[in-house]
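Note that subunit A is present in both complexes that follow, paired respectively with subunit B and with subunit C.
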Partner chain A sequence: MSELLERRAIRLAEKAADRDEAIRRCGETLVEVGAVEPGYVDTMLARERSISTYVGEGVAIPHGTLGGKELVKRDALAVLRFPEGVDWGGEPVTLCVGIAAAGDGHVELLAALAEILLDEDQARELREATDPGTVIRLLGKIQEDSE
Partner chain B sequence: MATMNGKDIRKLVVACDAGMGSSVMLASTLRKQLGKTGVTVEHTPVNSIPADADVVVCHSGLAARARSVAPDKPIVPFQIFLGDPAVNKVVKAIQQGTDFNV
Partner chain C sequence: MPTRTVAVGSASGLHARPAKLFVEAAAAAPVKVTIRVGDRKPVPAKSMLSVLALGAKQGTEVTLEADGDGADEALDGLAALLARDLDAEETSDV
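After this line comes the complex of A and B, so read on.
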């Protein structure tokens, strides 16, 4: 998991005025960790405009379009928390999991995320996490359980 | 509107635009829910829905594209990525071998 979700890609005290800015912050984080080309960020915005990536429990998983895949250098995730919340087309979002994926390397981690979001207590713990270790523990623990 | 029986489903496909985000999450959840039934769950981009899919689940915003790519397949559109009532209905029909409308 360490390569897929690096500690430096977990940023838990972010601020964004609106959804687009939040998505840009996620995209820029993926650029900074060397997972995508800068052009990928625009495909993330395009995807969000066609269909929202809001998945419930105050969590969105912004990612690029099919065309954006060629701008992905390696599978990686970024976890950004916006403690003040971001209006996501009417839904309040506090946690974004930005995704860069050309292959299936991230599938298990997303499966773990789905499990967490289906459990109210764990979803709250993830949403309220202020320590990157908590995020890694939550997303990592369930992976082990499911194996 | 047609009626389908859950017993006739052997492969369920979650179709999406890029196949890297929400459809992956939904597919993994469905795989877990349907694990005991022997039904195969795949996630694919909407423009490459496999020919052997028995039912296609996709976000309502993609339903028109899914229908044009796979006009002969039953399409179940949903709005919510986790816990959508339309998807839950299909899961229940597969688990119990009952009818559902598409």
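After this line comes the complex of A and C, so read on.
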């Protein structure tokens, strides 16, 4: 958990004019924490054009294509919140979980994220989080429960 | 009730793109389809979040269930989709 989602990869007051810029911000965050090579960001944009990563409840999970895996240095997540919202192909998105994954080690965490979003109250708490500690608590708690 | 049990074929498991393709196909089916892992609670196959919450990886066996007219055909199609490696087919439609 702590390896996958670092506090410095949680940014809760982001701004983006459109979907592509939001994805770039997610990708740049993954670059900054040393999880991916800069080229990974373009594969995230390519993936999104292929198929939307919107999952529901105002949340999208941008990630690279299969070809982008070789640009992943280590599995990691970035959580970016866009309080003003971003138009995601007609859906309003306020939270992006950027994913860098070379294997399938992040599947449990994604499942935990989905569990949270299926719970109306926890989904709102995550969408409205202004403190990285809240995000770590929400994502970490379910992770522990599932083990 | 008609059921199909199939091992997930996609390299990255049943999330992200393979999950999206599966959910879209399930939503287009003429009958309500559920999906579950082992003895866990069946969830709606057309709900992206429910499918993601399964946490199914490549090789995880999932069971599909549906009832009504066209259930068998719908399940055959969805089971075949799950069994394929949808990640490997990505380059063809990017």
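Annotations
Methods note: the second predicted complex is superposed on the first by the 147 of 147 C-alpha atoms of A that agree within 3 Å, B and C clash if a C-alpha of one lies under 4 Å from a C-alpha of the other, contacts with A are read in each partner's own complex, and residues count from 1 in each chain.
Operating definition for what follows: contacts are C-beta pairs under 8 Å (C-beta built on N, C-alpha and C of every residue); 3 or more make two chains touch, one makes a residue touch a chain.
Note that the structure is a prediction, hence the values are computed from the model and not measured.
For the composite obtained by overlaying on subunit A, subunit B and subunit C cannot both be accommodated without a clash.
After overlaying the two complexes on the shared chain, residue contacts for A:58 are found with neither subunit B nor subunit C. When the two structures are aligned on the shared chain, A:27 is found in touch with neither subunit B nor subunit C.
Judged by the touch definition given at the top, the superposed model places A:68 against subunit B, while subunit C stays out of reach.
Applying the stated contact rule after C-alpha superposition, one finds that A:132 touches neither subunit B nor subunit C. With the contact threshold set out at the top, residues 47, 50-51, 53, 55-57, 61, 63, 65-66, 99, 101, 107, 110-111, 113-115, 117-118 of subunit A are in contact with subunit B in one structure and with subunit C in the other. Those residues of subunit B lying in contact with subunit A across their complex are 17-22, 24-26, 28-29, 32, 45, 47, 59, 61-62, 80-83. Interface residues of subunit A, counted against subunit C in their complex, comprise 46-47, 49-53, 55-57, 61, 63, 65-67, 99, 101, 104, 107-108, 110-111, 113-115, 117-118, 146. Touching subunit A in their complex are the following residues of subunit C: 11-13, 15-17, 20-21, 47-58, 87-88, 90-91, 93-94. Listing the residues of subunit A that touch subunit B in their complex gives 47, 50-51, 53-57, 61-66, 68-69, 99-101, 106-107, 110-111, 113-115, 117-118.
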